[in-house]
Amino acid sequence: MIEEVDVVVIGGGATGAGTLWDLALRGIDAVLIEQHEPGYGTSGRNHGCLHSGGRYLVKDPELALECYRENQILRQVAGAAIEDTGGLFAHIKSDEQDYVRRWVDNAHRIGLPVEEVSATEARNMEPILSSEVDRVFTVPDAAVDPFDLIYMNLQGAVQKGARFMTETRVKELLIRDGRVQGVLAEDIRTKEVHEFRCRAVINAAGPWVGIIASLAGISLELTYGKGSLLVHATRLAQRQINRLRSPSDGDVLMPGKTVCLFGTTDIHIDNPDDTVTWADEVKSLIEMERPIFPDLPEMRVLRTVTGVRPLYTPGAAGTAERDANRGHAVINHGARDGVGGFFTIMGGKLTTYRLMAEQVVDEVARELGVTVACKTAETPLAGLSIGNARNFLETKAICECEQVTEDDLLTAAIFLDKVRSGGIRRMTRLGLGPCQGTLCIWRGALYLYRKGLLTDQECLTFIEESLDERWKGNRGVLWGDQIRQAELERGIYRGIYGSEGD
Amino acid sequence: MLPVNGIEHCLKCSICHAACPVARANPNYPGPKILGPDRGRFMMNKSGKTVPEVEWCTNCQRCEVACPHGVETASLIRALKQEALHEKKHYWRDLLMGYPHILGQLGTAFSPIANFMLGSPIGRSMTAQMMALAPDSSLPAYAGRSFQSWHRGQGHTASSNKVVYFVGCFANYNRPEIGQALVALLKLLDIDVIVPKQVCCGVPLLSNGFRDRALKLMSYNVQNLLPYVKQGYSIICSCPSCGLALKKEYGRELGTSEAARVGAAVYDSSEYLDIYGQALEEHLSAQSWRLTYHQPCHSLAQGIGTPSLSLLRKIPGVQVSFVDGCCGQSGTYGLKEEKSGVSRQIGRQLIEAITDQKPDLVATDCGTCSLQLSRLSDLPVEHPLVLLEKAARGAAAGLGDRYRPAV
Amino acid sequence: MRYDTVICGAGLAGITAALVSLSHGKSTAVVARGESSLYYMSGYLDLCGNGDNPWNAIDDLAHANPAHPFALSDAKEKSEALAFFVEQTSPGYPYAIPVDSRNHLVPTCTGGIRHTYLLPANAGADGLADRGRRVRAIGFTDYRDYSAQLMVDRLNKKGYSWTAAEVESGCSKVSQTSIDLASYLDDDYPALIDKLRPVVKDCDCLVFPAVLGFKKHRVIVEAIRDAFGTAVFEVPTLPPSLPGMRLSSALISRLRGLGGDLFWGFPATADNSAGDRCTGLIVDTPGRPRLIEGENYILATGGIAGGGALVERERIRERVFGLPVETYGTTDERFLFGEQGFARSGIRVDSDMRPIGPDGKIIYKNLFCAGRALAGYDPFTEYDGAGVAIVTGYQAALAAIRRWD
C-alpha cells in the first residue's frame, strides 16, 4: 500500500510526538511512524524532571536558560502532563563547598529564581533527606509524566488531521536524485510493508538516529550512554530533590505520580538497544542513595528502568561521557550530506522537546515553502481523558494500584491504531504499580477481549508480552517485597495458564 | 512522608479483603486492600481524596490479622477516617457515643430514666430518632450501681498478690457482674484487685475518626495506670477492645514509652486466668452446659490464642464448640441507623454457624458482641468470666440469665 | 502451657502436621503470621508433574535430583500421607484420591490444560478427560476476572466442543473479587439458579468460575445440580481462591475441633538460647512478646511468597530460626517462567526432616521442617506444590512424634 503525505516523522518519543503536533499546527500533512509504541524509547525511560535548569547552571548556563524557558512554556501549554512539585537542590557537607557559590552566582546571572531554605526546614519538607545536608535551595523544577506528554501531543496532532502508526519500523529510506522520496516501513508482527511517498523525512529516532541516518548512507558521530534508574514503590518525596554538586551519577530523586525514581548511572555502551540494567549498576545506585537519602535503600524498589542517551560528538571523540554535548542538534542532511528533504533532530532533553520540534519544523517548513510560524508555545494541549478520574469508586478499576479503569482502557484502545500491551501500558499505566501486573494484566487483557478489541490469541499474547516486559524490569531488583511479588505472580499465572499452555 | 504501617509490603493479594466482614456484607464498601495500602499510597502524593466509604469500617482488625505480609490495614483505614472526619454525616452522634463513660455515669446515676429511654418502646423510639440510631436497636441497659461503686464498698483481701483491673465501660456501667465474677475468681487464686481511676479506653472515639479526642482519654488512663505498672502490677481487661487498645493502640497512637510500658503490662482476663488454669480447675464444679464460644475480633487481634476456650473447656462436663467469625456489632456501629443493616447481615452468618452447633448457651468476652448475639438469636449469651465464676460457685442454677435489655 | 508440638505456619504443610500431631493425641499449637498460600492457590492439589502418571514423575524427579524433598519418602509413605490428608478434609470440604491413582486433566481459565491429583470430591470428576462431554461454561458479565468465552474459544481449538454463556451475577460490589461474588452467592444463590434457567441447555456438565459460595458452597453446588441435573465444576481464577479458602477453613476448624490451639496474626522468631535445642517461639504480639513453648517444633513458614524466606540483597534469610538457607543462584533473564534459582532455595533437611547445615549436621534436635520452606524444588515448574506440602508435613509430624515417644 502506498500513501502520500508531506512529511514522515520517524520515532514516537517526546521529540517525534512534539514534531507531529508542531507540523499539524502549521497545517503540514504528516504521519508519525514508531517501531514499538510511543514512549518506548528514552522518553519512556527517564526521570521525568521538567528541569528548571538548576542542574546545568554551572556546567552549561545556556542549556540551563533554555530549560528554564521551556519549563515556563510547558507549564502553560502542557499543564495536564505536569505536576508542579517544585524542586530542591540539597548540598551535603562533604560535597564541594565552592560549587554552591558558583551555582548561586549563575542562577542570579540567568535569572533563575532560587531561594535558600534552612536545612531543618528542608528536612521538614522532605523527611527523606539526610541530616548531612547543610544547604538547600528551592528551584522551579516540576514533574512531567512523559507518557501523558507524548500521548497529549499525539492526541492534539490527530485532532488536527495527523496520523501515527505503532509497531511499524522504518526499514528503508527511498532516495532518488539526492532527495528523500519516501520511506518503507514494516509492521513488526505481520511484516506487512507500508510505503509512504513524502517530501520530507524527520528522523526523531532518539538513540536510533544513527541507524536511520545510515539508511541514507549517512554516518553520524554518535556515542551512547545508558542511564539506569531505580523505581521505588511509593512516593517518598513530594519535590524533585537534586544533589547540589557538579552533575554526576545518582544525583536526583524524582517523584512522579505514585512512585519516585532515583538515578542515574551513566555507562558507555555500543548499541542503543542495550537497555539491560546490570546487577552492579543496581548495587551502585543503592550505594549512591545512602549519602543523601539514608533511608531510601531500605525502601521497596519495584523495578529498574534503563534509558539510552545518544551523544552527538562531531569531531570530539574521546570526551568523557557526561561532558559530551547535552544540548540538541538539528541536522539538515541536504546541506550536510547532500540528501535533500532529510532532517535529523537529536539529543536535548525531555524538557526541551518542544523547542527541538520547533527548530526542526522551522527547517522543514522552509524547505517545503510553508510560511506558517510555530504555534506550539501558545497553543495549549488538551489533557488525556485517562486516569484523571483517579477515583476507583466511580468506575470499576482494572488496575487497583494505579487506578486504571475500564474506561481508561477503552479510550486508549480506541485511540491507538493497534491494541497491544506496550501502547496500552504506557498510555494508561496498566501494570505500573507495586503488583507489577500480578492481577491487572490478566484483568486488562480479559476486558479488552470481552470488548472485542483482542481475539483470544491476541489476548494471550497480550498477557505473555506484558509479563515478560514486567519481568525485564523486575529481575534486577529481586529482593524483599518485590521477589515475593514475583513468586506470587509466577504462581498465579502458572495457575491461570496451566502448563500445557498453548 | 515516609511509608507507614507496612504500606510497602502489600502484594495486592486481597487476603485482607477476603477476611473483611464488612466487604462481604456491604456492596459499597471497597474493602481493606483498596482503602488501606492502595489508598494510602495515593495519599502519599497528596493526590488521594478522602473517601467517605471509610465510615463503614468497623475496625474489627480481621484484615490485619489475616494479612500474611505485615500490612497494618486497619491502622491505615483509621488514619483515613480521621482525614474524612469533617465530612461525617452524623458527627455529633458519633462524637457523643465516643464518651460511653460519661453516658455511663449519667446512665447509672439516673438508671430508671435512662432505662426507660433505652428499654421502653416509646423511650427507645425517641432515643433512636434523636440519635439517628436504628429504630430497633437495643441499647444495653444501665445497672443501678456501677462496678466501680460496688468495688469501693468491698474490702481488700490481705493478699500481697495484686492486680489492677481496667474495668471498661460495659462491665462498669452495664454489666457489673462481669467485674464481680473476675474479682471472685481472682480471690480464689488469692489475688486482690485494685481499681484505679479510669475513663473510657478511647476506642469508640478512635474508631470513629476522633483521634485527637481519643488521645486525651488515652493519656489520662496511662497517667493513672503507670504508677501501678511501675510497681510491677499487671493490668487485667475483661473487655477485649479495651485490652487491645491498651496493648496496641496506646503505644502507637500516643507514641510514648509510658504508653508502651503500660501496654506491656496488660492481660486479657482469660489470658491472665489461663496462666493459673490448673489452680482454677480445682475450683470448678461440673456443669451440663452445651456451649458455643465466639471469640471477639479484638480478642483474636491480641494474638493470645483462645484462652477463654481453654478455660471453659476446663469446666467438667461442659461441651464447648468454637465458631469463627465477626458478629458485626463492633461497639456502637451496629446501633447506628445507617449501619445496622450491614451489622445484622454480618451477624446473621455468625448466628447461623452458632445455631448449627445447637448450643444452650453462647459465651463471648465482649459486651457489645453479646448484645448483638442475643439480639439476633434466642440464645442466652454470657461472658466466660461469669460462667467460670458460676461453675466455681458450684451454682446449681445452671444457665446464666439471658441478657435482656431493661424493660 | 507447654505443648507437645509447636508448629510455625498455618499453610498446607503446617496444618497437615498439626492434624497428624493431634490425631496422635499430642497437644498442639500452631503459630501463624497470617493466612497461607492456600488463599492463593487453585485448590487443585498437585502431587507431581504435568502428565498422566504422577508416580512416575516423582520417580523421575527424585532420580534426577536426590536433594528433592520427595526423595525423602517412598511411595507408600506418600500414599499414607495423602490418604490421611483426604480423610481430614472430609468433614468440611472433602477431597478425593483418584481411583486409578492417576492425575486428573483439568481446564484453566485461559483454556489451558493441566494435570492435577486431588480434586474436591464434589467437583464433578474430570473436567477434560472426556472430550465428548457436553459442557457448558457459565461466566458472569459483571465478573472481571473470568471469561467463559475465552476459555471455550481456546479449548475448542484443542478438540473440545464446549459452549459458553454469560449471565449477570447481580452482585454490585464496587470492587469485585472472587470473594465478593462468593459472598453474594452465599446470600442469594436461588436468584442465580433462576438466571441460569434460560441459558442452561443441552449439557451434562456446567463449568463455573470458582466463586460458587464460601460458607454455603456445598448447598449451592447441590442446588445447581438438583435444578439442572448436571455435574458442576469450578475453574479457579485470581486470588483470593475460594477452593483454597474453603479448604483452609475446613482444615482449621478440624484442627480446633481436635483441640489444637491457634495463635494468629503475628510473626514468630525462635528462642534459640539452649544451644542444640529450640526452647520456644517468641511471637511478636501486641503489648509484649508471647512465648510459646513445646517439646518439638515444626517449621512450616512457606517460602518466599509464604513469608518464611526473606530475600535480602545479598542473601536469603530464614526468618524464624535463622537457619542456613541453601541458595541457587541463577535467574532466567528473559522469562518469568524460566528456571528461577531463587525458587529452589530453602532449608535442607535430613531423612528425619531435621534442618541441617552445609556440613550436613543437624542444627536443632527438636526442630523439623516441612513444605515450601524446604530446598530443592520449584512447584511452578514441577507441579508438586501441594504434594510436597502434604507429604512433608505428614513426615515432619511423624518424625517429631517418634522423637517424643
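Miscellaneous remarks
All chains are identified by letter, namely A, B and C, in their written order; residue positions are counted from 1 within each chain.
The working rule: a residue touches a chain if its C-beta (ideal position, glycine included) is under 8 Å from a C-beta of that chain, and two chains touch if they have at least 3 such contacts.
The structure presented is a predicted model; accordingly, all values stated were derived computationally and were not measured.
If you sketch which chains touch which, every chain touches every other chain without exception. Chain C has the Cα centre that lies closest to the mean of all protein Cα atoms in view. Chain pairs B-C and A-B differ in how many C-beta pairs are in contact, and the one with more is B-C. With each centre defined as the average position of its C-alpha atoms, the distance from chain A to chain C rounds to 43 Å. Spacing of chain B relative to chain C, judged by their CA centroids, is 34 angstrom. Distance between chain A and chain B, defined via averaged C-alpha coordinates, is recorded as 53 Å.
Along chain A, residues 392-393, 400, 439, 484, 488 each make contact with two or more other chains.
For chain C, residues touching at least two other chains, in rising order: 40, 174-175, 239, 307. Residue positions of chain B with contacts to 2 or more other chains are 13, 30, 34, 53, 69. Residues of chain C that touch chain A in their complex: 37, 40-42, 44, 50, 106-115, 144-147, 149-150, 153-154, 174-176, 236-239, 303-305, 307, 310-313, 331, 333-337, 340, 342-343, 379-380, 383, 385. In the complex of the two chains, the chain B residues touching chain C come out as 13-15, 17-19, 23-25, 27-31, 34, 53, 64-70, 244, 246-248, 251, 263-266, 274, 277, 300-306, 310, 313, 321-322, 324, 345, 349, 352-353. Taken in their complex, chain A has these residues touching chain C: 276, 283, 286, 392-393, 396-398, 400, 439, 442-443, 446-447, 449-450, 456, 459-460, 463, 467-468, 470-472, 475, 478-480, 483-484, 486-502. The touching residues of chain B, when paired with chain A in their complex, are 1-3, 7-13, 30, 33-34, 38, 41-42, 44-47, 49, 51, 53, 69. Chain A makes touch with chain B in their complex at residues 127-128, 233-236, 238, 255, 257-258, 295, 299-300, 390-393, 400-401, 403, 433-435, 438-439, 481, 484-485, 488.
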